[in-house]
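Each of the two complexes below includes subunit A, the first together with subunit B, the second together with subunit C.
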Partner chain A sequence: MIAEGLIALLGAGVLLVAALAIPWLKFVLTIALAKGIAVLGILLLLRAGQVSFGHAMFLATGAYTVAFLAPAMPEALLLIPLGGLFAGLLGLLVGLFVVRYRDIFFGMLNLAISMVLYSLLEKLYHLTKGTDGIRVARATFAGFDLPRETQEWLMFAIALGLAALFGTLVAAYLRSPMGRALAGIKTRETRLEFLGVSARRVLLFAYVASAVMGGIAGTLVALTTRHVTPLLGYWTSSGELVFIAILGGAGSAVGAFLGAVAFELVRVYAAASVADAWQMILGGVLLLVILFAPGGLWGILAGRLKVRA
Partner chain B sequence: MAGWLQDNGLLLGLAVLDGLAYAALVFMVAVGLNLVFGVLRIVNVAHGSLFAIGAYTAASLGLFFASQGLPPLAGYFALVLAAALVGALLGPLIERFLLRRIYGHEEVLQLLVTFALFMILEDVQKLVWGVQPVSQDLPMTYLGTIDVPFGDDEIPFTKYQLFVLPGIAVATLVGLALFLRRTLAGRMIVAVTADKEAATAMGIDATRIMLLTFTAGAALAALGGALASPTTSLVPGVGAQTIVLSFAVVATAGLGQIEGAALTSLMMGLGRSVAVYFAPEFEVVVPYLIMVAVLLVRPQGLFGVLETRRV
Partner chain C sequence: MSAPLLSARGLKLAFGGVKAADGIDLDVMPGEFLAIIGPNGAGKTTFINMTTGYLKPQGGRIEFAGEPILGLSPRAIVRRGIGRSFQLPQLFTEHTVIENAALALAAHAGIWSPFGPLLRPGYRAAAERLLDRFGIAHLAETRADALNEGARKLADIAMAVALEPRLLLMDEPTSGVAATEKMQVVETLVRVLRAEGVTAVFVEHDMEVVARFADRVAVWSQGRIAALGPPEQVLNDPAVLRDVIGIAGHA
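Up next, the complex of A and B:
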């Protein structure tokens, strides 16, 4: 537990040094941290044994919230929580419906609903400019219009701070009775209900929390890349989030960020060296991890350090 | 209502004929996915990639045959050959070396293994066929068109889409239903679907049945792709589109239901093509809305069977 916190701190230090040493890495790492926050949400659902192949819809909701509101209200410190709020509301609406289903049906319903959102983003051209996407207006921070370089650093710092915040919250949540009940849904739901615990409510809470984190991640992505497209919400993006969760190791909050950083770095390097085969390389990595290191990167690391996650 | 039908009846008729061809293609993919799920208990995310590879292979073979000066009829042979090749080569390869390692694993991991396979196969397509559109429409143009009378007008439809596609889909449905109910191999597949352990105890080689089923499913997906190839030009991403739609069909029909998949494909195909004519922005959304609506009322799918809860 304490060791996990120490490793997280150490990891944050490494990221900071890396961003200082290699300037362009700062951008990649900010995106990785943002995705890591979204993956924390996937982690909650995985704890209940449920896998959502549609969570990119919340990421897209956060991102489009920023894109739509930024021209009227370019304040990043308001846009970020607003993105989380809207994604949370969508999460509540969708969640009320999907928590009644389990396993394959849960996964497919999420997929279907995310495809509805994706198609609307793509087709309602007069609102969303379709696949061209929307260029995000320049944002201010607490009223200050900062120069580009400072803004990039600030986004990195915000992402790191939010990652730490949500990482801690999720770790605490998973140890709480609500978190234990999530694990109960996975092992044997009926027994949970015999204890008088509503499995649906437990799952709904986790689902809304995961939606909020997805939305926050989306706002960070939008503010960093300054361009949003419907592709953010395509089902393959949702698959990527689940991919990262397994790559990092589904047992730990630190694993989410470990996985996200590894994923983004492999993606950047693979895309730079073999443009048409980066997916193949990522897919190969995923297969190797699943078949030979089921605990993910965090499992390997924790095994080495003899830490209990 | 009557007045509306008077004004829009023509469009509706067009939509129905379009929808039939589309539903036929959707069915070919969804039925394979469903068959594989029934026996292997794995939802194969890479099923759409097999569709895409089948389509590309068919187009390449067709172009090759044409360049050799073979008669246009060879184009139809190319479609079937492509499906057989993809099924017989990739099917056993994937089942034997990948899926067989993960039977009985957590569902999440199974989904992700096939997702990884999907990512790999997407790039295989790009490396082999490039990112430029590939098209070979000879099998469609060769049959020509037929004028379908609509009121005072006549609208030309391609015979390929009007007869060949629905015809093959119906033949597949009937053939598969007969195969599963009347032949020994088919009944063994049904037995493994119902209860793998009991089937094994009866002396059925479940491992072989699983290999056989996956190969058949892969061939069906590739045949779907091959049949679709003359009607469109192939671009990267077609596999990703196909798989989500067939997921929707399978979930709506109920897992493991063959006839249900046919009816659902028809519903979704017609729904989508009606939307194309009346509300084009929502064309892609319609199948998913149908799915959500069905699952709201029947959580196990239209034809699915409820499983008893375990304590």
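Up next, the complex of A and C:
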């Protein structure tokens, strides 16, 4: 755990230096950190052997919370936790239903429910402005209306701070009795029941936690891009989160951020240089990871540094 | 005479046309070791599954410590003091042996703590003591999927014992265990269970184990109890020898 923490600290330092050296990268890295937080939630479910193909619904919930509330209450430091809260409540509602199912049924039910939310965001034009999306009102920070450059730095710092916070919480959770029981769902759910433990309740806790993280990620995306559209909750966005989780490796919380940063950088550079083929490049990268590095980028790094993956 | 700890009356369950339980009446007395023998398909595991809430009988009733337990979930039954181990040990294969033991202890103490490591000093020490009593402390850091069958069986039973059950139901605790270590495995678990004062019901195919460790033997045949009594009586009954043990001995 200490080695993992040191690698995370080093990674945060590298991101900070990169953001200082290449100013426009700060935006990309803020988005990557936000997605990394959402991917932490995917990682939790992967520990239980479950894959959600609909988790972008929570990201969209967080983002639209900001878009709806910002005109009346532009305080970012309130909007961020509120986005997490609303996503968590939706997670509880959906979770009570989906944790009764496993494997492909779990994955597809999440997909189905996320597509219901996507359709609502798209069709309720008078509320959501449909596919045009909503321009997010300018946020204040602790009551201060800051210049754009300062605001960008602050969003980067908040994303970095929240990434560290949730990364630490997830790492601690996975080592806790509940976290170990969560991993037990993957291998011996029957035994959990005969230990007197409700596997559904264990999974529900992880599901709601993952929804909260998805919501927080959504608020960061909304406050950074200042434009939200239903696409944030589309199934391809959910697939992207799963993609990043596999790319980064499910063995560690650090993997979520490694994957997210690698994904966003490949996307930005590949889209700029080979606009027609960048998705193929990403697909090729994922194929290579699955075939040759099933532990993902974290697995490769941990192997090199002899850290227990 | 004390009241039975477990009492089953008229248990019935059929799978299609096959009667796995056809009016089972059985009392298990506190502190005794009751062996269940019989050919494969006689309904031995079905009895364990019904008693632990995994299967619901189509008729009859089961009482534990004087309270009806029929219709309760496996979780609720476990919490009332009935533990079980499995023919195929149900260990968390990605966890180490000590993590398995600690998780069982945590489940008993209340697992709903999302922070603080599982292997915190309290649980680690208790888990080490538990494994030590079963003679597998030296395997504490081994992953559960790397154990031999004897150690897997002991770890599986240790997890059930961690819950401090009053009654433990063991499904074939020696199946798959190498002949050379079979007696050692049974001696270990009997020693621990006797010391803990745990009442035990175990399904067994090895008549030597039954003769040596059971206080009473129940002979299962086609969903019914064909004979019940002390091992020296039941295992020498010509009808049992001919109709059941002859088959069971080759199962």
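The working rule: the second predicted complex is superposed on the first by the 308 of 309 C-alpha atoms of A that agree within 3 Å, B and C clash if a C-alpha of one lies under 4 Å from a C-alpha of the other, contacts with A are read in each partner's own complex, and residues count from 1 in each chain.
The rule is simple: contacts are C-beta pairs under 8 Å (C-beta built on N, C-alpha and C of every residue); 3 or more make two chains touch, one makes a residue touch a chain.
Quick caveat, the model's predicted, so the values are computed rather than measured.
Within the superposed three-chain model, A:A72 lies out of touch with both subunit B and subunit C [touch as defined at top].
Judged by the touch definition given at the top, the superposed model places A:A272 against neither subunit B nor subunit C. The partner of subunit A that touches more of its residues, comparing subunit B with subunit C, is B.
Look at A:F205: by the touch rule set out above, it reaches subunit C but stays clear of subunit B. When both complexes are overlaid on chain A, the residue A:M280 reaches subunit B alone and has no touch with subunit C.
By the document's definition of touching, of the two partners only subunit B reaches A:I113; subunit C does not. In the superposed model, A:W235 makes contact with subunit B only, not with subunit C. Judged by the touch definition given at the top, the superposed model places A:G184 against subunit C, while subunit B stays out of reach.
Contacts of A:S176 after superposition on the shared chain: subunit C is touched, whereas subunit B is not. Shared contact residues of subunit A with subunit B and subunit C: 188, 190-191. Taken together, the subunit C residues at the contact with subunit A in this complex read 52, 73-75, 78-79, 83-84, 90-95, 99, 102-104, 106-108, 111-119, 123, 159-160, 163. Residues 43, 45, 98, 101-102, 106-109, 111-113, 115-120, 122-124, 126-127, 131, 240, 244, 247-248, 250-251, 255, 280-285, 288-289, 291-292, 295-296, 299, 309-311 of subunit B are the ones that touch subunit A when the two sit in their complex. Residues 46, 49, 51, 53, 97, 100-101, 103-105, 107-109, 111-113, 115-116, 119-120, 122-124, 188-191, 234-236, 239, 242-243, 246, 250, 276-280, 282-284, 286-287, 290-291, 294 of subunit A touch subunit B in their complex.
Only residues 169, 172-173, 175-181, 183-184, 186-188, 190-198, 202, 205 of subunit A touch subunit C when the two sit together in their complex.
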